[in-house]
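There are two complexes below, and they share subunit A, which is joined by subunit B in the first and by subunit C in the second.
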Partner chain A sequence: MKTVLKYIGAVIALIVALAPIYWLVTISLKREIDQFAFPPRWIAFTPVLTHYREAFSSGSFSVYFTNSVILATVSTFAALTLGVPAAYALSRFTWPGDAREEIAYWILSTRLLPPIVTIVPLFLMLREAHLLNSLAGLALVYTAFNLPFVVWMMRGFFDEVPKEIEEAAMLDGESRGGALLRVVLPLVKPGLAATAVFCLIVAWNEFLFALILTQTEAAMTLPVGIASRVTQYEIKWGAMSAAGVVAMLPVLIFASAAQKYLVRGLSLGAVKG
Partner chain B sequence: MALDLKNIVKEFGARTVVREVSLSANEGEFVVLLGPSGCGKTTLLRIVAGLESPDEGSVVLCGRDVTRLDPRDRDIAMVFQSYALYPHMPVEQNIAYPLKIRKRPAEEISRETRSVASRLGLAQLLDHYPRQLSGGERQRVALARAIIRRPKAFLMDEPLSNLDARLRVEMRAELKRLQHELGIVTLYVTHDQAEAMTLAHRIAVMRDGVLQQFATPAEVYHRPANTFVATFVGSPSMNLLKPPFGTRFGKADATLGIRPEDVELSLEEKRDWIAALVWVTEEMGNETLVVIKAGEEHITVRAPSATRLDFETPVWFRPRPEKVHWFDQAGKRMP
Partner chain C sequence: MIRRLANLFRVEGFKWIAPAMIVLVALSVYPLLYSVKVSLTSASGAFTLAHFRRLLDDRILFAAAWQTLLFTVAALAIEFALGLGLALLVDSLGKARGFFRAGLLAPMLLPPVVAAVAWRLIYNPQFGALNGTLRLLGFDTTRLTWTSGQSSALFSVILVDIWEWTPFLFLLLSAGLQAIPVEPVEAARIDGAGAWRIFCDVTLPLLKPTILLALLLRGMDLVRIFDQIFILTQGGPGTATETLSLYIYRTAFRFSNFGYAAAMSFVLLAVATFASRRLIRAMGPRRA
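Right, the complex of A and B next:
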C-alpha cells in the first residue's frame, strides 16, 4: 500500500514537472488552428513541421544558438578556472586573521542582491568599457555571476577530501599543485561535473542580463531571441515553441551525459572509501 | 646521526604545542614518540615530515638541514593513521605512485611493485581498490607505498590504532621485523605504552609539548625520569604513595613509587610490613591484580593467578626495598 502511494506521488510530481514541456513540444508541432482549440487537443492533432522550418529559415536563430553555446561554454570555463583554485584555498589554507569564514561569506554576499538591482550599474560599467552588445561583456557578467556559486560548491567538495590524502601525495613526491591536479581533482570530479552543469544551465537560460545588455541581433542569446518573437502585431507561438524545444536539447543532452556524476556529486561522500 | 631534531618550538596561535624538543636518532633506529593525546607528538612528526614548519629549531636528516624544504624534497615516507590511500587508484597504482612521480622506467616500477606487494602479502590484491580492502590490508598497502622507494626515514602516525586488538598485536610484530630488515631510521607516534615498549629501541615520552624522557624501554620502565613517565609507562601503572607514607622507608617529604609487581603481599602479619585490607581483586587469567587499601592509599599488587582473596581480607605488604623509586615534590626522580 505504501509503495503504491509512493508511486502515485511520484507520478503526480512527474506530471506537474513535465506538463509544460509536453505542452511546449505539442504546440511546436500543431497547426495554428489546433493550438487554440477548445477543449485543448492533448493528443489528437495533425503534426506539422512548418514552425520548425519557420524558426530556422530566418537565419537569426542559428546566430542566437551559436551565441548561447559560446557564452555558456566560455563563462562556465572561466568561472571554474577562477573558482576552483579559490575554493581549494578557502578549504585548505590558513588565512591572516583567521578570516576564512569572513572571506567566504563576503564572496557569497555578492549573490544576495537581486540581479535586477545590479543591472543599472552593470549597464553603465559595460558602456564605459565598450562592452555593451558584445558576447565578451555578457561572458564577463555571467562569469562573475557564477563565480560565488562555484567557490561555495567546490569548497564543500574539497572539504570532503581528507587532508591526509594530499599530504601523503606531497610526501610521495608531489608538489602542492601536483597533488591538487593528480590526486584531489580526480577525487572531486563528480562535484566538478555537477558544478559545471549548474553553471551551464544558469548561463544558458539567463534572460534578464542578456535582454538589457545586448540589443543588437549579432549579440543576442537564445532566450532573448525567442522572446523577440513576441512582436507588436502577433505572437508566433509555433515558432517560439519550436525554438524553445531546440534550445532545451543541449542542456538536456549534457545533463544526462553527466548524470552519473550529478547524482554522486549532489549526494556528497563520493570520496569516502 | 640519521635524524637530528634541535630545539624544535611550535606555536598555534597563543598555544605552544612543542617546547624546545631536541632528540636524535641513530642509523636504523626505531624511535617511538609516546604521550597522551594533545602532547604534541603528532605535531612533532608533521614538522619532521615538512607538513608543518617549526617556529624555532631545525630538522637535520642524514647531515642535511631540511627544516625549510618541501615535504617532497626531504626523501621521507609517512604512514598515516587513516592510511590516506588514493581512493581512485587500485592497489598497484597506490604502491607504485612514489616511483611513478619520480619517473622511473615502467619496467622497474612494475618489478618493484610486485616485489614489495608480495613481501607484504598483497600480491593477490593488486587490482583491488582501497574501498574493497579490510583495515589490515589497507594498512599493508600504506606500508608498501612507504617502503617502495627506500626513503631516508620513516614516519608513522599511530598506524595500528584503527585495527582491532588481535590484528594490532600481529601487525606490531610484523612491523618490527620489517623495520629491522630495512634498517631505516623510524619515528613512530603512539599513545599506547605497550606498542612503545615492544617496538622501540628508544622511547621519547612527551607531555604538554615537553620531552619528559628519551631512553631505552628498559630505562624508561625501570628508571622513569618523573612521576608522569612512571605512571604513563607500565600497566597497571606504578603506585605513587604521597608523603608522609615514605617516612618509614627513610624519606619523609618524598613520593614513593613502586610497581605492582614489586609489592610483596602476605596473609600473616610480619615485622615492619604494613597492614591493609583487600579493596578489590581482578583476575586476568595469567595473573591477578589485587588492589589493597592502607589508610587513604590504594595500592595495586600483581599476584599469581591462583590468588583468591575476598573483599576486606586483612593483608600485610611491603615494597621491595631495592625496587623503590623516589620522586621529589615537583615529581622529579631523586637519585
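Right, the complex of A and C next:
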C-alpha cells in the first residue's frame, strides 16, 4: 500500500515535470487549427512537420543554429585549452604559502559575478573594439565565463590521479607537458569529456550576454532568435516551438551522456556525487 | 603584497596558469574596474556622484529589490521543501530510482528561454493549455490571467522557477542522501527511534553541508534572475515582476543610462558577494 502511494507520488511529479515540455513538442507538430483548439488537444491531433520546415529551411533559425554551434564549440575548446594547464598546475605544483587556495578561490569568485554586473562594461568595451554583433566577441566572453568552471572541475579530477604515475613517466624521460598530455589526460578522459559537455551546455543555453552583445540577425544565437520572436507583435507559435525543440534536444542528449557527472558539474565540482 | 606577487612569478606553475589569469583579468576584473569609472561619469563625461545619489530615492529600484527578495525567498523555500521531499521519495523507490531521476531532471537542463516559451504557451489566458484544461474540468477561468494579471504575475513567474529548478535541489540532495553512511541510521533504528525521529536527529544533521551548499548555489542564481522573467513578462505588467537584473538591463539598454545601470549593478554585486563569501567558505573544507 505504502509503496503504491509512493509510486503514485513519483508518477505525478514526473508528469508535472514533463507536461510543459511535452506540450511544447505537440505545439511544434500541430496544424494551427489544432494548436489553440478547445478542449486542448493533449493527445489526439494530426502531426505535421511544416513548422520545422518553415523555421529551418526558409527562416533565419538555421543561421541562429549555426551560430550557436560555432560559439559553443569554439568557446568550449578555448576554455579547455586555457583551463586544463591551470587546473593541472594548481593540482600538482608546489606553491608558496596559501597561494594555491587563494588563486583557486579567486578564479572561482570571477565565476560567481552576476552577469548583469559585467555586461555594461563588456558592452562598452566590445563596442570600442568593434566586436559587437560578432561571434568572436561573444566567444571571448563565453570563454572567460566557462574558464573558472573548467579549472575547478579539472583540478578535482587531477587530484584523483596519483602523482606517482606521471613521476614514473618523467623518470622515463617525458617532460612535464608530455606527461600531462600522454599519461595524465588519458586517465582523466571521462572527467575531461564531462567538463566539455557542461561548457557546451552553458554556452548553448546562455541568453543575457548573447541578447546584449549580438543584436543583428546574422550574429544572433538560437535562444536570442527565439526570444526575439516571442516579443514580436504577431507570434508564430509553431515555428518558434519547433526552434525551441531543436534548441533543447542537443542539451538533453549531452546531459544524459554526462549523467554520471551531473551533480559534480552543476555544483561547480563541490559535491563529488 | 608586492613581494608575494614577485614570489609567485618565480614559481614553476606560474606560467601554466598565466594565460588563464590574463583572460580572467581582461574579461572579469578589468570590466569591474571599468564599471566603477562608468558609474562615476555623467552623460557629458564629467566626474559625478549623481548616479549613486539617485540610488537612494529611486522608488522603482526599491520595488525591484523587494520583488527580487520576495522571488528569491519564496522560490528558494518551496524548491528546497519540494526537492528534499522528492529526494527522499525517489531514494526509497529501489530499482525504478534511475528512471524517475532522469525524467525529473529534464526541466533544469532545457535552455531557460525554451522553458519560458513553453510556459507562455501554457499560461496564455485564452488559448493556453492550463486554462483550457481547467475549463475542461469545469472551472471558471475568466479571472485566471496568470502572467498578465497585476496581482498574479509574480506568483506565476515564481511557479515557473519552482518547476524549472526544484530538480536542481532534488539532484544535489539526492546525491547528499546517498553519501550518508548507513551505520548511524541503523544504530538509531536499533535504539527504537521512529522514522521521523531518525530523519530529524540523524539524517538532517548529516545532510546539512549539502543543504547549505545547494541553498547557496540556487540562492545566488535566484538573486540575478533574468532569462525566464524577460521572456514571460518583460518585468510587467507595469513593474509587477521587475527584478534587479531586469531593471538594470532596461536602464542600460533601453534608456542608455550606462552610468546609473553601473551604479545599480554594485548594489546587486554587494548582495551577491555576501552570498558568494558564504558559498566559498562552505566549499572550502570539502577540498582538504
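Note that in this section the second predicted complex is superposed on the first by the 221 of 273 C-alpha atoms of A that agree within 3 Å, B and C clash if a C-alpha of one lies under 4 Å from a C-alpha of the other, contacts with A are read in each partner's own complex, and residues count from 1 in each chain.
Here is the rule we go by: contacts are C-beta pairs under 8 Å (C-beta built on N, C-alpha and C of every residue); 3 or more make two chains touch, one makes a residue touch a chain.
All figures in this text were calculated on a predicted structure; none of them were measured in a lab.
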{"item": "Which superposed partner A:Gln259 touches (first subunit B, second subunit C, both, neither)", "value": "second"}
{"item": "Partner chain(s) touched by A:Ile212 [first = subunit B, second = subunit C, both, neither]", "value": "second"}
{"item": "First (subunit B), second (subunit C), both or neither touched by A:Thr46", "value": "neither"}
{"item": "Contacts of A:Val16 with subunit B and subunit C, given as first, second, both or neither", "value": "second"}
{"item": "Which of subunit B and subunit C A:Ser58 touches, first, second, both or neither", "value": "neither"}
{"item": "Touching partner for A:Glu174 - first (subunit B), second (subunit C), both, neither", "value": "first"}
{"item": "Contacts of A:Thr66 with subunit B and subunit C, given as first, second, both or neither", "value": "neither"}
{"item": "Contact breadth on subunit A, by residue count: subunit C or subunit B", "value": "C"}
{"item": "Footprint overlap on subunit A, comparing subunit B with subunit C", "value": "271, 273"}
{"item": "Interface residues, subunit A side, partner subunit C - complex", "value": "6-7, 9-10, 13-14, 16-18, 20-21, 23-24, 27, 35-36, 38-40, 42, 82-83, 85-86, 88-90, 92-97, 99, 101, 103, 105, 107-110, 112-125, 140-141, 143-144, 147-148, 151, 201, 204-205, 207-208, 211-212, 222-223, 226-227, 230-231, 237, 240-241, 244, 247-248, 251-252, 255-256, 259, 262-263, 266-268, 270-271, 273"}
{"item": "Touch list for subunit A against partner subunit B, complex", "value": "162, 164-165, 167-175, 178, 183, 186-187, 271-273"}
{"item": "Touch list for subunit B against partner subunit A, complex", "value": "49-51, 70-72, 74, 76-78, 80-82, 84-88, 97-98, 101-102, 130-131, 138, 145"}
{"item": "Contact set on subunit C toward subunit A in their complex", "value": "4, 7-8, 11-14, 16-17, 19-21, 23-24, 26-32, 34-35, 38, 86, 89-90, 92-93, 96, 100, 102-107, 109-122, 126-127, 129, 132-133, 135-136, 163, 167-168, 171-172, 174-176, 178-179, 210, 213-214, 217, 220, 223-224, 226-227, 230-231, 234, 244-245, 248-249, 252-253, 258, 261-262, 265-266, 268-269, 272, 276, 279-280, 283-284, 286-287"}
